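Have a look at the structure below before the remarks.
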Amino acid sequence: MQLGLVGLGKMGFNMRERVRAAGHEVVGYDRNAQVSDSASLADLVGKLAAPRVVWVMVPAGEPTRQTVAELGELLAEGDLVIDGGNSRYTDDKVNADLLAQKGVGYLDVGVSGGVWGKENGYGLMVGGDAEHVERALPIFDALRPEGPREEGFAHAGEVGAGHYAKMVHNGIEYGLMQAYAEGFELLDAASEVTDVPAVLKAWTRGTVVRSWLLDLLVKALEEDPGLAEITGYVEDSGEGRWTVEEAINHSVPAPVISAALFARFASRQTDSPAMKAVAALRNQFGGHAVHKAGPTSGSGDVS
Amino acid sequence: MQLGLVGLGKMGFNMRERVRAAGHEVVGYDRNAQVSDSASLADLVGKLAAPRVVWVMVPAGEPTRQTVAELGELLAEGDLVIDGGNSRYTDDKVNADLLAQKGVGYLDVGVSGGVWGKENGYGLMVGGDAEHVERALPIFDALRPEGPREEGFAHAGEVGAGHYAKMVHNGIEYGLMQAYAEGFELLDAASEVTDVPAVLKAWTRGTVVRSWLLDLLVKALEEDPGLAEITGYVEDSGEGRWTVEEAINHSVPAPVISAALFARFASRQTDSPAMKAVAALRNQFGGHAVHKAGPTSGSGDVS
Amino acid sequence: MQLGLVGLGKMGFNMRERVRAAGHEVVGYDRNAQVSDSASLADLVGKLAAPRVVWVMVPAGEPTRQTVAELGELLAEGDLVIDGGNSRYTDDKVNADLLAQKGVGYLDVGVSGGVWGKENGYGLMVGGDAEHVERALPIFDALRPEGPREEGFAHAGEVGAGHYAKMVHNGIEYGLMQAYAEGFELLDAASEVTDVPAVLKAWTRGTVVRSWLLDLLVKALEEDPGLAEITGYVEDSGEGRWTVEEAINHSVPAPVISAALFARFASRQTDSPAMKAVAALRNQFGGHAVHKAGPTSGSGDVS
Amino acid sequence: MQLGLVGLGKMGFNMRERVRAAGHEVVGYDRNAQVSDSASLADLVGKLAAPRVVWVMVPAGEPTRQTVAELGELLAEGDLVIDGGNSRYTDDKVNADLLAQKGVGYLDVGVSGGVWGKENGYGLMVGGDAEHVERALPIFDALRPEGPREEGFAHAGEVGAGHYAKMVHNGIEYGLMQAYAEGFELLDAASEVTDVPAVLKAWTRGTVVRSWLLDLLVKALEEDPGLAEITGYVEDSGEGRWTVEEAINHSVPAPVISAALFARFASRQTDSPAMKAVAALRNQFGGHAVHKAGPTSGSGDVS
């Protein structure tokens, strides 16, 4: 079938390749003319035969909302817009309602798999009407991994359910990464007596902790032994934050996911106001103690 | 080769099967005569030709220490004892030194894979001398998963390194499980609009969070939809505790692993003294407030 | 001076007493006619001489927003509305702008002290214009504790700053309470050999942990030894949640405050979906292990 | 009465002053001759009339154990040793048993109050036999704050109970400090619109969060506005670690105290191996994404 694809960055570019490799026709649009198949959104829409399906793969938030709104102006009744970006699920109902005024359908799709998706396929969680899902199914089948459809694809529910599932997916991802990271640091603390890379590699088959993320950690350590060329500065995209906020909304305890999120916040601080306060307090009640050595010297360890 | 195997419970029983299936001779001993191949530890030792290799697979702590000590009495110079249980790594040096007095070698092995190991193979992390590792390699090769040796087996380091690695492995495991669990609860909180089992299954291929544990969670939900037949009471074995203690010893922050451990503690409390104290405090400063409804009624929300 | 006071619940009722005791005239209104000094909001406004000051002390959210809106209809240019409830600070700008259309001023006040405020005075954090603060200062002086003004009162900043400060105050409060609570549970775990109430009481003077909350915990234990008559079910008002959400907005790590919040969520669950998932996972990889005792029995401790 | 005092550091020096001010005779010993009243432990013992009471106030661990052992050699039946340092409670039984062989009594005392204790008195938690407590009561009364004895002093239980209580006290202290610190950072994040020092000072009377630690934080901010002269590098003494370990021993959830401990660990890391691992993982699955701006540019936000 024919697909319009808006946004040909790291994700969209690869997805165009995979969908084309499955035998579909893809007309892409990106502001970067070098990768774009069309001159403008209007040009892209003009190149598609009705009823059109246009997949939006641009940054979440304002860029996505704006692109959807522009498509609403350009598309016609019976067309379908798919937001495959990392939008907050609360945006979906707004987008869907906007497009519904024009008779344009809407699906929200959580897409996971990163840069490996082109080769391995992407895990897909879709929200929206069953008839819209049905219409786009050939594209979903092209994007998802080979194997049974239900192992890489789900119609999660109504509009918003796809991005809700992706949000939770990413929250879990934060927790998983932090769990491996803490374990790595603990192995690393014993690296004088432990062959850390060998242990991690030995975990990749047979063990309870085997996973794709572990495979990637092994690969990272092979490419950069001791992770010497990287610093522990970790960005976070919105979805970890939304997951914790959603946990709060639902009164769901989320100690692990929040701890993983906060560890990222802390990793980006050059100095912590909180820890300055703790240091100041210790100073206040304990004094500028000089800890003298020796068994019968006074203890400066006051509290 | 020939192997003595002490302890034929859930793990040892399956391991005997797998080692035998690889063509080795296994003489097992268990207090449960119905599964035992020998009448006593002495009988087991008597049935093995020197130099013997005896694998101990009994509960960690006193049972393992006692079994190792008894074997020390029964075995002879040149024999080798392997502790494959979940012993604390600090036990290993003690065991090794004890056996060394008799000229008996010692290896500590972390074994992961659970009841699936019989079929899939077990991930193995080994601590001890290279010559001892070499001697037992046919057994390790029988137990580990098929594929490259280093993807399911590591000689982690000197005595203790195997159990240290297993301890960290289990600490990570706690964190991974809790991450999935929090995500599951958050999906479940939206289960009126989300097809939770379908979403989890869709994550098993292509996504960043795909893993063996996730496969098991999908399987558990297929066997017991909504996990209706299970309660949220979760035991912990020692290794999660040791991981946090070791993190403290090494000044390694472990917010995720400790949160996972504490969630298990809390899951087993019918009432929490801590939360009673919090409730008592709120009562003290806020009074026995009755929250009246309506816009111009007084607020009982005091603090 | 003259004060209108809307909402005579647990907090408002006591505040009326304290303001009157300081020699001011208070006209109160509550839906509960038995405590009300006026028949309606309109009646209350009618009983005050312009320029009026009306303090709103009703539940946060819709009740407060609605009361402010109604007052906006009833009041006149030059009047002043004070929201002393636990409103989210983001409501304040909206309320202030609404009233400003009528030339009515607005202050937001965080009020702390609970049921003890009547006797001890209330800690006050105020947001808004300096001229409005100045106008209401006699009321603030009546409500705050005796002693230097700055030790129980602050003009925190512009509109919203009072409730922002109160939000953070309550977030800290969650953390403090949980810290004492965890310590209490740890003492309690050793209560066979430790005189828990005596230890807590001994902490109330001289120690680093002495505080008003600790005094209240001692009092609670005197009134209900062992906290036998209370269960560990703990509600949370919105401010703990908002604090964590605000921490996320500002990329501020808040592991302690969030842990305290999640402990309350967990305290209200009869069963935890998350821990059911963890239990299910353990079951999946470890089997229905029966842990047999004895040194040479097989270990069921699989992972 | 007469008291021997070993260790005249930050704590011991001040305590000697306070005990003397109460009219008692104190013979001090410290390796630092400039502050010492005696030339050696033996000299100190020689200067005291039997039955002697010797208070040990040296660093916890080996220094204390060694001093107690040396005193065991020098003292005689009927004498009494008091360990007032921050020893781990598990040391106390060992010390007591050692001294009991000579007929020398033993008390363990948790002492809180820091450098302010000289002026305000010290909070005291004592473990040991009632007769020994009775004998040392005049010294305890001299050291504790004025007011009712039970508000600054407790006979917590048998040997070890004093240091157990002090351990828990310090664990709570960690949690309290971190709670204030997180709140401070959150206020600080809004410092453009909030008068942070004024708010903190306003909390010192009337509010729920008022405490001695808060008073100290206000003082610290007055002495060093914005805490500009201090970095967020925070040491930890052993007692926070022991508290978490003890929580683990008793299966007591301690999310807040452990979070406070881990925040200190993290504050001392120049780079975090764990966060390097997280960064490496993000890199692996997300690629070296360059996030391009603009609404219809491709999203680099991959996961």
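So that you can tell them apart, the chains are marked A, B, C and D in the order they are listed, and the count of residues begins at 1 in each.
In this section, contacts are C-beta pairs under 8 Å (C-beta built on N, C-alpha and C of every residue); 3 or more make two chains touch, one makes a residue touch a chain.
Composition by chain, UniProt nomenclature: A, B, C, D = 6-phosphogluconate dehydrogenase.
Bear in mind the structure is a predicted one, so any value in this text is a computation, not a measurement.
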Equivalent interface positions on chain C and chain D, same or different at half: same
Most distant chain from chain B by Cα centroid: C
Rotation in the CA alignment of chain A with chain B, degrees, nearest 5: 180
Intercentroid distance (Cα basis), chain D paired with chain C, Å: 30
Between chain D and chain A, distance of the C-alpha-averaged centres to the nearest whole Å: 43
Junction residues of chain B - those touching two or more other chains: 112-114, 170, 173, 178, 180, 182, 185, 189, 208, 213, 252-255, 259, 262-263, 266, 272, 274, 285, 303
Touching residues on chain D, where the partner in the complex is chain B: 208, 241, 244-245, 248, 251-255, 258-259, 261-263, 265-266, 268-269, 272, 274, 285, 303
Sites on chain C touched by chain B in the complex: 6-13, 29-32, 35, 41, 57-60, 62-64, 66-67, 85-86, 112-116, 170, 173, 177-178, 180-182, 184-185, 188-189, 213, 216-217, 219-221, 224, 227, 230-235, 237, 239, 255, 259, 263-264, 266-267, 271-287, 289, 291-292, 294-303
List of chain D residues in touch with chain C within their complex: 112-114, 117, 120-125, 144-145, 147, 150-158, 160-161, 164-165, 168-176, 178-180, 182-183, 185-187, 189-190, 193-195, 198-199, 201-214, 243, 246-247, 250, 252-257, 259-260, 262-263
